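Each in structure tokens, the structures are laid out below.
What follows is chain A paired twice: with chain B in the first complex and chain C in the second.
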Partner chain A sequence: MMSDTKPARMKNAGVLALKDLTLLNIREFEDSVTGSLSAGGRLCALFGMPYRLGNSIMPSADVITLVAAIGHGREGVIEVAATEVKDSYPALTRHLPQANCFEREIAEQWGVRPAGHPWFKPLRFHRCYRPGRDAWTRPLDGEILPCVTDFFRVEGDEIHEVAVGPVHAGIIEPGHFRFQCHGERVFHLEIALGYQHRGVERAVTKGPDKRTLHYMETLAGDTTVGHATAYCQVIEALSGMDVPARAEDIRAVALELERCANHTGDLGALAADVGFLPTSSYCGALRGDFLNMTALICGNRFGRGLARPGGVSFDMDGSRGDDLVERLERTFRGVKGAAELLWETPSVMARFEDTGRLSKRMCRELGVVGMAARASGVEMDVRSEFPFGAYRISRPPVRTWFSGDVYARARVRWMEIEASYEFIRQRIRGLSKGPVMTDAPLEPSPDSMVVSLVEGWRGEICHVAITDQDGRFARYKVVDPSFHNWMGLQMALRDQQISDFPLCNKSFNLSYCGHDL
Partner chain B sequence: MRSLFFPLLALIFSPFLLSIINRTKAIAGGRKGAPLLQPYLDLMKLLRKGAVYSRTTTWVFKAGPVIGLAATVMCVFIVPFGAQAAPFAFPGDFVLLAYLLGLARFFVISAAMDTGSSFEAMGASREAAFSALAEPALFIALAAVARKTGELSMSGMFHVMSVQGLDAGGNLPVVLLISAALLIIFLTENARIPVDDPNTHLELTMIHEVMVLDHGGMDLAFIQYGSALKLWVLGAVLMGCVMPGSGASWWIDAVLFMSGMSGLAVLTGVIESSMARLRLVRLPQLLTGAGGLAALALILVMR
Partner chain C sequence: MIRAIAERVRQGKRTISFPKGTPVVPDRLRGLPVIDQARCTPGCSRCVDVCPTGAIGLVGQKVSVDIGKCLFCLDCVAACPGGAIGFSQDFRLASGSREALVYSGGEFRPACALEERTRRILGRSLKLREISAGGCNACEADVNVLGTTVFDLGRFGIQFVASPRHADGILVTGPVTANMRFAVMDTYHAAPPPRIVIAVGACAISGGPYIDHKEVSNGVDALLPVDLYIPGCPPHPLTILDGLLRLLGRL
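The block that comes next holds the complex of A and B.
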């Protein structure tokens, strides 16, 4: 153990030997995380694991090691700090709202109590992973039902509470929403999830094995390429593989196609939510066209089976690239028309503008990521800040908007489609030559740690892997962008009309299963 | 028998107006759309189904759809059909029309409140608020027509409006103002865009649809058929003011009236395909605007 109290620093998808990971005491840990965040960093991941660090990591029954990964966008550096805790420790959330959900998750998974946490309740409603423990001292033999817990309440004669879900009218995932309303005005919204909890992180520990990749591709069904790429980067970094440039290009193309498909679908859904049929109908069809382009590359509309550790499993021969570009140009013209129709229709703009405003300051405090943060004027984009794969050579420009309302989130979506369109055309034209798969062996190095960041279409995807002495995952942590952003949606709803909730919700379009994992 | 021809037409063809609206929207959206008889098929399907009643509801919940439909059917017999008089016409019948619609609304709202669901209560509160603004506008608009035509029954009023048309000097601005006001009332009362979205599945944004979420089977059929009739009744009020008619030949009037109603359905479909819904807080402004237009028409005819 070193006496150095500085956290370790690493690059995106770089490997850190665990012996270089400084173990801080809880006070130093708190100071280090607080200092890094106030210096402009953001909390990419904060998690616990039932192991003690050392030259080799050792399973531990009573000690939980907390690991924080903090991204510094300006320098492109990820800081990693670690500490050991037992039953309780002073909560970081007292000073750092970003840590809210992370600390609730740690408490739920490992039965460690973050003392002084301002809104301490379960996140996914499952049993503690360490048998016999429970951070909330619930009876150990009883069943834990999702969302059976205290909710924030506003009291008063004219206050009413509206509970929505978990079963919704549309074909969407389950989630529970509690509104504290004064007439049509929302004072507070609280969102409780957990219905989709599958225990993926637990299922992939002791991996990687043949199943792992399939878990990764289905972490959030609409972000298949994003999560699969993040996972592949982890394995490639651990195994020291060099990924062929052509494979990186194809991955980037697929990632941008995924972005285009989802952004287009969302523009259509936003139009449908305000009852504007033309854009809604066009975008529904155009989203399918983008998905079919992904299918052209790899045979699956969502990009399953494309990214594999070491490269991609499908090459793009000459005529397929030309076909793709031709289809892309045609589809892009359609999206351009459908999107411009939105900006040109006053009744649509009247609904979008000034609805669900989220300030830049709030975004930074809550750690909101990705498209939602960019719509509030926060310049953050993993592709530029922590370039990975093909983005190390060229990357689409970061698109931001200033207003932070539904309009901004729609506008940023459109600008990103534009940027991705240019990027895809450029990448396919200049597609690198060579193989698409490396034949280097897949041998994850032991006692190592990798933090892999990818800019998925919703925002920053963070995968952290820590291997044991056999090169197996001791802990595999996944942070979907939705995990950060659900809190942003709750805050955006304050002082809004309850009838505008579906519109605000759609403008974020967060993943339930990505949150629940 | 002739006097029953038009009410029968209304009872049979009112769901068809919904088909025309839906088909217009489908064509505008590049879709094929549902079969034209779909509303009838839906009603038949619902009539065959049993209803499920929540244990928290009382007789009010069951009475809502029945009284709602009965009141709307009565409206069909007092609303004239263009230049042709209604089976029942008497001075001040438009007051009865407004309050029959009010009665139907009262019971649908009560049935919604009876479920104890926060969704339905929210819809009920919205429906009550917006119809409270739409009703005065309807009265002022019909008062302007009454003053203009010197008649006190709707049959008389619409007969004069249809037959004289724009012949009388200075009619055009009055007719335009009244029809604009009545069109807004028509769209509001029938839960169409820009006021309400009949196709949405989002409970939190609905007005009319959210009130009837708990009804099923025959009750829902009654409510849907009642809505179709209401579409017809308020459409007939609007058509009575703008659609020319002969007043003599009943079949010419029938053709004119039916084409007018179909045109109105197409117009509704076009409006729904070309604009977004208004924000809920803006609706009072729209409805006050409709009242303002009607009041202006009244001032013009009073001078």
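The block that comes next holds the complex of A and C.
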């Protein structure tokens, strides 16, 4: 074991040789993570892998190595630390609520028990990846059924429980919600997920192969460009590829179009949830206009087929850029009109304001990311803090709002559409010249680690890859922003009316499959 | 109020003329594959090797693409030395038969209408309950978009309803995860017969990128008889609308 107890430091999409990854004992690891978080860091990822570190990593049957990646936004530095655990270790969640879901995931995947975890339940309801183990001592020959677990219950006179899902009323993904109510008032909402579990992380191990990119593009379909970009950055870093500037510009344009499309759709959906049909119907069509702009670039409305390791598959040839800017300006005018109607309509504002409030302090404690955190006044944005690709040269300003309610989350969405609109126009006008794909070979380096961060439309996307001695993925960890934010939604609903749930839910609009993987 | 009316006027009419008029699709849209058997190089199987879902079949020198598995990703197009595979902008891909989705060039047999007796029971309306069973939210989004003013699904009497009790059938997206199997079956049985089953997207048809994962069922027809397959990853909204209208005998 190395004597150095300082965690290793790296940049976004930088490569760390595994021999430089500091291995701490569990006590030092806990102190290190706790210290980093209290110094303003944020837990980007915490995961286990069935390998032991060394000059070359070795598969291990009884030891699980835990790796933590902590982002320090102000310095743009990511700290990584590792420790080894066997069957059990003292849970970090006891002091650090940010670790809650990460530690439940480690328990579910590897059968390691975080002792003293205050909310110890399965996350996705699948069998442990190490045969013969189960952190909850469930029978090893029985079937694991989704959401069969303990639920938090409030008891007392006139308390009632409302259970909803997995199949909901609208065209949305499945999840199970339990409300503990007193009359109309919600004391607590518990959300149990796992219905969308497709086994992505298990399947990506030993990659990259011909399917890997397609897993990334379908991790969360509305974030295709975000996740594909994060993955490409991993491969490019591992292979030491230089991505042409023009490709980085096109990726950034597609990422901002993805943001505009989803934010516009959400403004419409929020309007629909308070019964304000004009904005709802305009935004439905306008969202499609943004998707069609992405299709103008690459033929697919969600950006599938665009980002590839080494660049992008489609160039902005001929008059395509002019066509895109013209459409963008027209669509932006439409969204502006539709959004302004919201702020000018008292019946809308009465429902938006002071509903589903989430405090800045709560955001920080839970590690809430992205647009939801910015709406509570937390100034964080990967594009500014850990700039990647084209954002290293220019970036949209970070937009925040102070109130943390549904109104703030709507308002920040609109301000981000404005900022992205300006950014896209600039980027297309000043589109770099040259090729859109490098011909450098795709050869991931062995015994290395990369942390890749991207600001998706929901927030921070984090991909971590660790390669073995052959340059294959020993572990590929995906953290969708939803993974951090589902707890935020549960807290935001406390003391709200149960009828406000659709509105609060839509104001976060989290991904189920991005969580369930 | 005046502001709202002015905005209404400014936003204008958005509904497309489809199916009467020909819709405008993106020039880079990847629709029905174009297969030129003559350009296939003997002894080469690069397309088969690179296809992420095993959608490409090669019997002797005859190439076929299973568009029920195809992700329309261009990996095969890039790999083919002779240019034997490409994609057209033809968005009409829906079919009532799984076999018809295995396409090797020539005329594509699109979906045909439900039998007369079922159509008579449905009358002029079709109510569907959507179930996402491992879908990534792309298929879901492009099903949802049919409800916007652009496609205005309501004008065809088609509507997505909140309860399976009110539904004439289910529309499934996603590869049907093990964790959703019960919910899919329960929802199906809650709809009154004769109930239609529609599979939207590569995942719901075949498992898509998740084919043969132990966590999924390789699509909905592993569990239930499917009346309409709508390929794509995700299908363009026009592909979905075209399929639904064909099922009802409106095209």
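Criterion: the second predicted complex is superposed on the first by the 515 of 517 C-alpha atoms of A that agree within 3 Å, B and C clash if a C-alpha of one lies under 4 Å from a C-alpha of the other, contacts with A are read in each partner's own complex, and residues count from 1 in each chain.
In the analysis below, a residue touches a chain if its C-beta (ideal position, glycine included) is under 8 Å from a C-beta of that chain, and two chains touch if they have at least 3 such contacts.
Keep in mind that what you see is a predicted model, and the values were worked out from it rather than measured.
Participant: Does chain B (first) or chain C (second) touch A:348, or do both, or does neither?
Facilitator: first
Participant: After lining up the shared chain so the two structures overlap, which partner does A:305 touch, if you call chain B first and chain C second: first, second, both or neither?
Facilitator: second
Participant: Can A:169 be said to touch chain B (first), chain C (second), both, or neither?
Facilitator: The answer is both, since A:169 touches chain B and chain C.
Participant: Give one of first, second, both or neither to describe whether A:278 is in contact with chain B, with chain C, with both, or with none.
Facilitator: In the superposition, A:278 contacts both chain B and chain C.
Participant: Between chain B and chain C, which one contacts more residues of chain A in the superposed model?
Facilitator: Tallying touched residues of chain A, the top partner is C.
Participant: For A:203, is the partner it touches chain B (first), chain C (second), both, or none of the two (neither)?
Facilitator: Only chain C; A:203 stays clear of chain B.
Participant: Quick check for you: in the superposed arrangement, does A:146 touch first (chain B), second (chain C), both or neither?
Facilitator: second
Participant: Which residues of chain A are in contact with chain B in one complex and with chain C in the other?
Facilitator: 169-170, 278, 281-282, 345
Participant: What does chain A use to touch chain B in their complex?
Facilitator: Those in contact with chain B are residues 160-164, 169-170, 183-184, 271, 273-278, 280-282, 345, 347-348, 350-351, 355, 497-503.
Participant: Going by the contact rule at the top, pick out the chain C residues touching chain A in the complex.
Facilitator: Contacts found on chain C: 3-4, 7-8, 10-11, 14, 26-30, 50-53, 71-75, 129-145, 147-150, 160, 162-164, 174-175, 177-180, 182-183, 187, 203, 208-210, 213-216, 233-234, 236-237.
Participant: Within their complex, state which residues of chain B touch chain A.
Facilitator: Result: residues 25, 28-31, 118-119, 121-122, 125-126, 193-194, 197, 199-205, 272-282 of chain B touch chain A.
Participant: What does chain A use to touch chain C in their complex?
Facilitator: Touch list, chain A to chain C: 124-126, 145-146, 166-167, 169-174, 194-199, 203, 210-211, 213-215, 218-222, 224, 265, 278, 281-282, 284-285, 287-288, 292, 295-302, 304-305, 313-314, 334, 337-338, 341, 344-345, 511-513.
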